[in-house]
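Chain nomenclature is as follows: A, B, C, D, E and F, assigned in order of appearance, with residue numbering initiated at 1 for each chain independently.
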Amino acid sequence: MVYLTRKEHFNAAHKLYNPAWDRQKNEEVFGKCANENWHGHNFELYVTVKGNPDPETGFIFDVKKLSKIIQEHIIEKLDHKNLNLDVDFMQGKMCSTENLAIGIWNELLPHLPPGVTLHSIKLYETPRIYVEYYGD
Amino acid sequence: MVYLTRKEHFNAAHKLYNPAWDRQKNEEVFGKCANENWHGHNFELYVTVKGNPDPETGFIFDVKKLSKIIQEHIIEKLDHKNLNLDVDFMQGKMCSTENLAIGIWNELLPHLPPGVTLHSIKLYETPRIYVEYYGD
Amino acid sequence: MVYLTRKEHFNAAHKLYNPAWDRQKNEEVFGKCANENWHGHNFELYVTVKGNPDPETGFIFDVKKLSKIIQEHIIEKLDHKNLNLDVDFMQGKMCSTENLAIGIWNELLPHLPPGVTLHSIKLYETPRIYVEYYGD
Amino acid sequence: MVYLTRKEHFNAAHKLYNPAWDRQKNEEVFGKCANENWHGHNFELYVTVKGNPDPETGFIFDVKKLSKIIQEHIIEKLDHKNLNLDVDFMQGKMCSTENLAIGIWNELLPHLPPGVTLHSIKLYETPRIYVEYYGD
Amino acid sequence: MVYLTRKEHFNAAHKLYNPAWDRQKNEEVFGKCANENWHGHNFELYVTVKGNPDPETGFIFDVKKLSKIIQEHIIEKLDHKNLNLDVDFMQGKMCSTENLAIGIWNELLPHLPPGVTLHSIKLYETPRIYVEYYGD
Amino acid sequence: MVYLTRKEHFNAAHKLYNPAWDRQKNEEVFGKCANENWHGHNFELYVTVKGNPDPETGFIFDVKKLSKIIQEHIIEKLDHKNLNLDVDFMQGKMCSTENLAIGIWNELLPHLPPGVTLHSIKLYETPRIYVEYYGD
């Protein structure tokens, strides 16, 4: 079993704001992240798949195809977008990095071909904060 | 003459949108960056000052004081903010990285003590795009 | 289950020196690291906690609170310190990066709130050397 | 149990080319990577070993000795080499990063001293692509 | 005057080999870099242009257009190529990083639109070696 | 004219402490950096030389020779050392990064061969603080 990781990148705006709370409580809980006018990040996304290398190619999966799938199904939906307003799979959820990583996992999973197993989503919100999700 | 650089960090939302143009022209010129719902970045800011080391301290300027000045006068205004809506010194200007770097220079300059010369502002918008400004 | 990591930084001096051995044996075993006048590093510390996101916040734990706990209980004790002389939890131990990572784990664990599970300590001594500890 | 990682570096040329296929099929499958005149990379190699710290040294293994073993048995064979033509342990295999990581594991394993357990090989082909192998 | 930099990336094979010398002299002068079977690198290319921001866009030049020009005229010729064999503008020259940077400058210059001034080419051969060229 | 940069690395201990002052004044001026028991850093050193490429080699200077000169005359004196106590060329000077960069310049200059011009010393004390010196 070998693990293969591809790093992709997207820029997006978001805010941490629970609509069930008033502004004061949002500011108490989320501080500057609750700014109603939004803030944003350069997100770094690491997608890891696993499998056994194919003897004919040496690949567990062609990394260029992996990149293309991530671009089409994830980056296209997130890059230069507002995570709270523009992204279908984040509707009705808090826009934390944790939830975004889970959302990316669920969105990407059905687009991987048979025989390629998704292992993890690692998502940097800033160079000093990241989350990882392994699907359960 | 020695050059001393301090790196700081802020996260912000912005869009590239010229209000004198209609939406179609904005999208033609700025593409995804014109998204009316904003996007954002982790900006990396490098402030360089220059001078001769003080024999008693070995410093051209105490880098902790430099960091404090940048925090108070720049980061406080930009971090977790919307550059188009929330930042006084960007009002009426296009929110490009070029203009943001010039704005940071002008905003920081009067807060440096006598004998400390501002040399440059270097501002990363993404890990692959940055601008530099030397004051003229 | 989601994993959340916060990166912190500290600078410290140390030496690798076993007081039960004479200087010659220390130099044979530890080489330059045994320099009696100390050397030092910029340590990069990655603290990973795990849990399930809270539906109201989207957080497994507020990363700003995590950062504050690490600052108060770990960085305060290590930053700009001599690991052999100044750090209570390293007394009587060899000041290797391995032992420092274990020490940080033990020191941090009781300060995390209920429901937040410490997953790992990753500690870079140099950009090319790091250790990881998972608590057992 | 503590995990210790050492990062090493080598530069090499390779191509992805299956000699059982004609040139057209190689280009269809491998694209630019099939260029018959080769291309190359700065590979970053992370070797992780695990064990319990020795009370007398604080080490699970002396990282300088680990580096020396990697240099002698891996880097010496790969650095400034053509992976397809010059490397004995890659003969008859596709020169993918997956197979190279497995090859490095097998080559390194017998050279580690008793009591030091090899945990993983992590190999960056580019800053955006890496593979990991854990030995089974 | 503001300076704008775009970072691009390419992978290539090369060797340092002066055909006017015999193999022994090439090995004496270039060491491992003279391996007749080639080696390779992940090159990181920084292109810096300078100018005054356009009041209507805030740009000195649209960085997406800059990236497209570099892709079309430089990366297309160098990525996954053999610098000695495949690159027209390196024919008859030693394939050093110095000469490659000069070659990229000369190749890129005529493709920049009027009003955009090329300032520098910075080219990393490895993470620890780079050259810069300013056009004279 | 082409500029060639080589990056080297050393780890060292130091403190910022003016012996002409009492401990209280040292702590007021230097804060944690005045800790009498020392602290330390992973210093990253960038040495830039300039010249015209030799037509026979393509080099302005063989970067392996440059690295060897830096190793022998600079790294050997600084790595795993105490900058205040162990380094001859820092005696009687404040151990700031500014003064260390100037000292490295002066120490390195006479060891470069004729025809190779030293352009700059860039020295990172931490990933967020660096100084540059150009020789006057």
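FYI, contacts are C-beta pairs under 8 Å (C-beta built on N, C-alpha and C of every residue); 3 or more make two chains touch, one makes a residue touch a chain.
Here the structure is a predicted model, which is why all the values come from computation and not from measurement.
Hopping across touching chains, the smallest step count from chain B to chain C is 2.
When the CA atoms of chain B are superposed on those of chain F, the rotation angle is 120 degrees to the nearest 5.
Interface of chain D with chain E: the two copies contact each other largely through the same residue positions, with over half of all numbers used appearing on both sides. In terms of their C-alpha centroids, the spacing between chain A and chain D amounts to 29 Å. Centre-to-centre separation of chain A and chain E, using mean CA positions: 33 Å. Annotation for chain F: residues 127 touch two or more other chains. With chains as nodes and touching pairs as edges, the resulting graph is of another kind, matching none of line, ring, star or complete.
Contacts from chain B toward chain F in the complex involve residues 1-8, 48, 53, 55-60, 62-64.
Partner chain F is touched in their complex by these residues of chain E: 16, 18, 20, 29-31, 93-99, 101-102, 127-134, 136. Interface residues of chain C facing chain F in the complex, by the touch rule stated above, are 9, 11-14, 32-33, 35, 37-42, 79-82, 85-86, 126-127.
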